[in-house]
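Two complexes come next, and they have one chain in common, chain A, joined by chain B in the first and chain C in the second.
After this line comes the complex of A and B, so read on.
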């Protein structure tokens, strides 16, 4: 039987209380959490070391200004213990980064939640995170998919964190109370001495299972929608033809960790003679070049690790639903390797292991 | 280049201005005066445009020299073509005045080679924000066409920076299509450089057209826009004054640096703020947090914007691409346009106006910025400098 903390206040207050305890007792030296940074309601991630600073913390708010995986890479390996509160897909993104030697779980206490999804950036910025959240929490408490979350969140199957030390139960949980599940020995020992003693308890699978059915329906609906868009080059051009080549999708992607993307490097500068030749052959060419090539290149580099966080769609100025495209491609590539990105830190990324017997059909 | 328009000529006019321009360019191509044309062509999904370098005349028919939107700054297309050296082909590029200006700035930064390029501009009514266009492409197409045909240059449906753009007709190009003339007047081709004049000669155009009515109309519009500019700058000024206001202005910034990525002037392959050097060690971050009680991510939010301002505002052409690219709707374009207007004023520099002119930062003038010298002197002598 695993352990849990049964709290009598709402999830946000409960977890902030727990975080304050961790800081005040010296069990951790810092806390990474979302926090409100001004009166108008802007939110960012903060590394907080003073518990009074946690008064402005909103660790469970359904927003994702940046995917925290990248921040965790910058903060680790940490010499001192840190508690970090991240969404399940941020944790999965970080696990994928660790496999690429971009971080470490050492000295981290990872706190996550059964996640109701996050609101698109434009919506959260416009509403200053005020009007939407009440409706959001009600829907999550009823075990429903909230209305205004990202399309990829609606279609996310991995809303229960897979490798967190601590899981805050949100989906199907009453708004006024909260249960915090301690999944690891580290979590149990961290909670020792807290006001609320740990008791036996298990995350209610029947609730998450029935929610999963809803998410899966949304997923097949979304994928069905884009299935026809991915059949060939012409279809892909329909989708990515309006790309402006800003590469914002790669910059906010938790998996794309390269300091300089190859597509922005000198390798992709072409001599004008090459353009002249192409112009002679084809009669016309697009400038800057390599629009579709960039997306296919990125897909081949990271799609099997795509955690479907949706950041790429949120930042696309051309309003391409990049995330849905990459999520579907990712699911298909990962499935070929029986791989679930972000599930297990000890598992190698598929392209790093050579198995003699795999893909025999291609050999044939 | 950058000289006053030399001479104007009447051209054969079609029902639509876009077609008129297209026919003129096609003529240049057919006469082999140019080897290729760079123009916007609608993308397959029908809700945006891409820059296409073309020589095939069937492709030319599909182009729209007067695209309502500017998804990619034209100077960037020219950069990708000539970054590694000049072209052997003569290419005519039809672009908005701010794109021409950006190309001129990039030529000073050795990122565009203008030698074999013919820059063709037109009186620009502004560009419709990309987000609004993609919601209703057909509607916006006809709206934009009616703006052109009705000579409406003071429309509010264009980007905020376009609404107050006083350089909508700056002929820094080689050839310029004068569209903003008096009501009922026909488009006129204007040459603005020797390159342009020699092309017009080769085409056998009579360059005796009186440009005065057009110039008067342009001046009239410019005055109105200039007034609007002052009004809007007033609303922006406080957003960048002092650190607290800057913090507030950029509080929603997610650090994606997409403003920089869309900016035609920011040509660095890798921005310093994205480099390994700008990434502090984990240990340093925790030490900072311990000192201050907490630190924010992304790091260097303000430093990035202020750094970018100091690097490129002197060359800012107010094209507005940064605002289009911002996922959290910060009015980056208005802010940078305002700051750019101030820095350019200090150096008496007009970004993109003259190709031969050196960038202010590349030139040392003994007598410039004397007021700063005075400030230092009075500070050293212990006096408090007055505002």
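After this line comes the complex of A and C, so read on.
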């Protein structure tokens, strides 16, 4: 039986109170969380070492200005204890980074939530935060999928964090109450001394299971739609043809950490001599070239680790749903190795390991 | 499809096994199509899936990887990695409904000259039936 804290105020206030306790008691030296930057509503991650700075904290706000996996990767290994509040896909992205030697869980107290989804940037920058979040939280409390969240969030099956020390129950939880679940010994000892005593309690599986059904239906619908529109090269060009090659998708991706991406290196520099050969054959050439090459190549490098956060679709200036494509292809690829990205930090990524007796039917 | 369509197939052959096998096919005067363009690599695991994608998008009608039999890799485990990478690339092509049959992985040892000739013949025949790669004509890739 796991432990839980039953808080008295709404989730946002309760968590901020808990974070302040962690800082004031000296149990952590810093807290990483979302904070409201100014009155116009800009929200961004911040590392806070003074608890008064947590007054502006909005740890559970459904926005993702940057995938926190990137931040955690740069903050760790941490010599001092930190409490971090991140969404499940950000945590999964960070686990994938750790597998690539780009981070460490040491000295981190990871707080996450059963996630109702994140609002796309184009929506969150236009609307007033109060109405946005009020509607959102009501839908989440009812166990429904909110309307204005990222399409890939609607299709996400991994909304219950798998490796967090503490899980804040959001889906199906009444707006005015808050329960947080202590999943590890570290969480229990961190919560000792807090106003609210720990009691026995488990996350209500029936609520998460029924929500999972809704998410699975949406995922299935989304993937089937892509499959029906993907008959070959021409259809692929319909999807990716309008790509301008800005590489923003790669830049915001939690998995893409390479300081020098293969596709930005001299490796694939444009070569006028080679152009001449192609022009001989085709009579014309798109410039700059290699639009499709970037996406297919990136898929071969990281799609099996895609956590479906949706950052790429959020930032694409050509409005391509990159995330749906990578999520779908990634899931199909990872399935061949029975691999689930972000689930277990000790599960090696498919390209690093092999079994001698596997895939006997491949190659002959 | 023109009657005299000669496919262009990129063949990444590992030096220790497949390339040597190909040499043997040559010195044994075995007939195999000129469609295969051999590219020597030290190990089949040198082949990044990106090479296959590049070849495919640049108009190669087929791409062949030749490596040592599993367990016989000169560098012990390279070909196991090749096998996994090939699975990844196959999966990507399948998910996007690109012609997966244009990709082939074959284990050809240094003494298997006849096998090399057979694989080349088979693969070339298959590619001829499939026709030229549509990427050859597309300028908006």
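Quick note on the criterion: the second predicted complex is superposed on the first by the 359 of 364 C-alpha atoms of A that agree within 3 Å, B and C clash if a C-alpha of one lies under 4 Å from a C-alpha of the other, contacts with A are read in each partner's own complex, and residues count from 1 in each chain.
The rule is simple: a residue touches a chain if its C-beta (ideal position, glycine included) is under 8 Å from a C-beta of that chain, and two chains touch if they have at least 3 such contacts.
For clarity, every value in this text was computed on a predicted model and none was experimentally measured.
Superposition of the two complexes onto chain A shows chain B and chain C fitting side by side, with no clash. Legend: residue contacts after superposition of the two complexes on their common chain; A:304 is shown touching chain C, with no touch to chain B.
Of the two partner chains, chain B is the only one touched by A:49; chain C is not. By the document's definition of touching, both partners, chain B and chain C, reach A:289. Legend: residue contacts after superposition of the two complexes on their common chain; A:264 is shown touching chain B, with no touch to chain C. In the superposition on chain A, A:237 makes contact with both chain B and chain C.
Touch criterion met: A:272 reaches chain B, while chain C stays clear of it. Once the two complexes are laid over each other on the shared chain, residue contacts for A:341 go to neither chain B nor chain C. Of all C-alpha pairs spanning chain B and chain C in the superposed arrangement, the closest lie 7 Å apart.
Residues 234, 237, 241, 282-286, 289, 291 of chain A lie in contact with chain B in one complex and with chain C in the other.
Of all residues in chain C, only 48-50, 53-54, 57-59, 67, 70-71, 77, 80-81, 83-92, 94-99, 105-107, 134-141 touch chain A in the complex they form. Within the complex formed with chain A, the residues of chain B that make contact are 36, 38, 41, 43-45, 47-48, 50-56, 58-59, 71-72, 76-89, 130-131, 134, 247-248, 251-252, 254-258, 261-262, 269-270, 274-276, 279-280, 282-283, 285-286, 289-290, 293-299, 324-329. For chain A in complex with chain C, the residues that touch the partner chain are 230-237, 241, 262, 278, 281-286, 289-293, 296-297, 299-301, 303-304, 328-329, 332-333, 336-337, 350-351, 354, 356, 358-359, 362-364.
Considering their complex, residues 29-30, 35, 37-38, 40, 42, 44-50, 52-53, 65-66, 71, 74-80, 82, 121-122, 125-126, 234, 237-239, 241-242, 244-248, 251-252, 259-260, 264-266, 269-273, 275-276, 279-280, 282-289, 291, 314-319 of chain A touch chain B.
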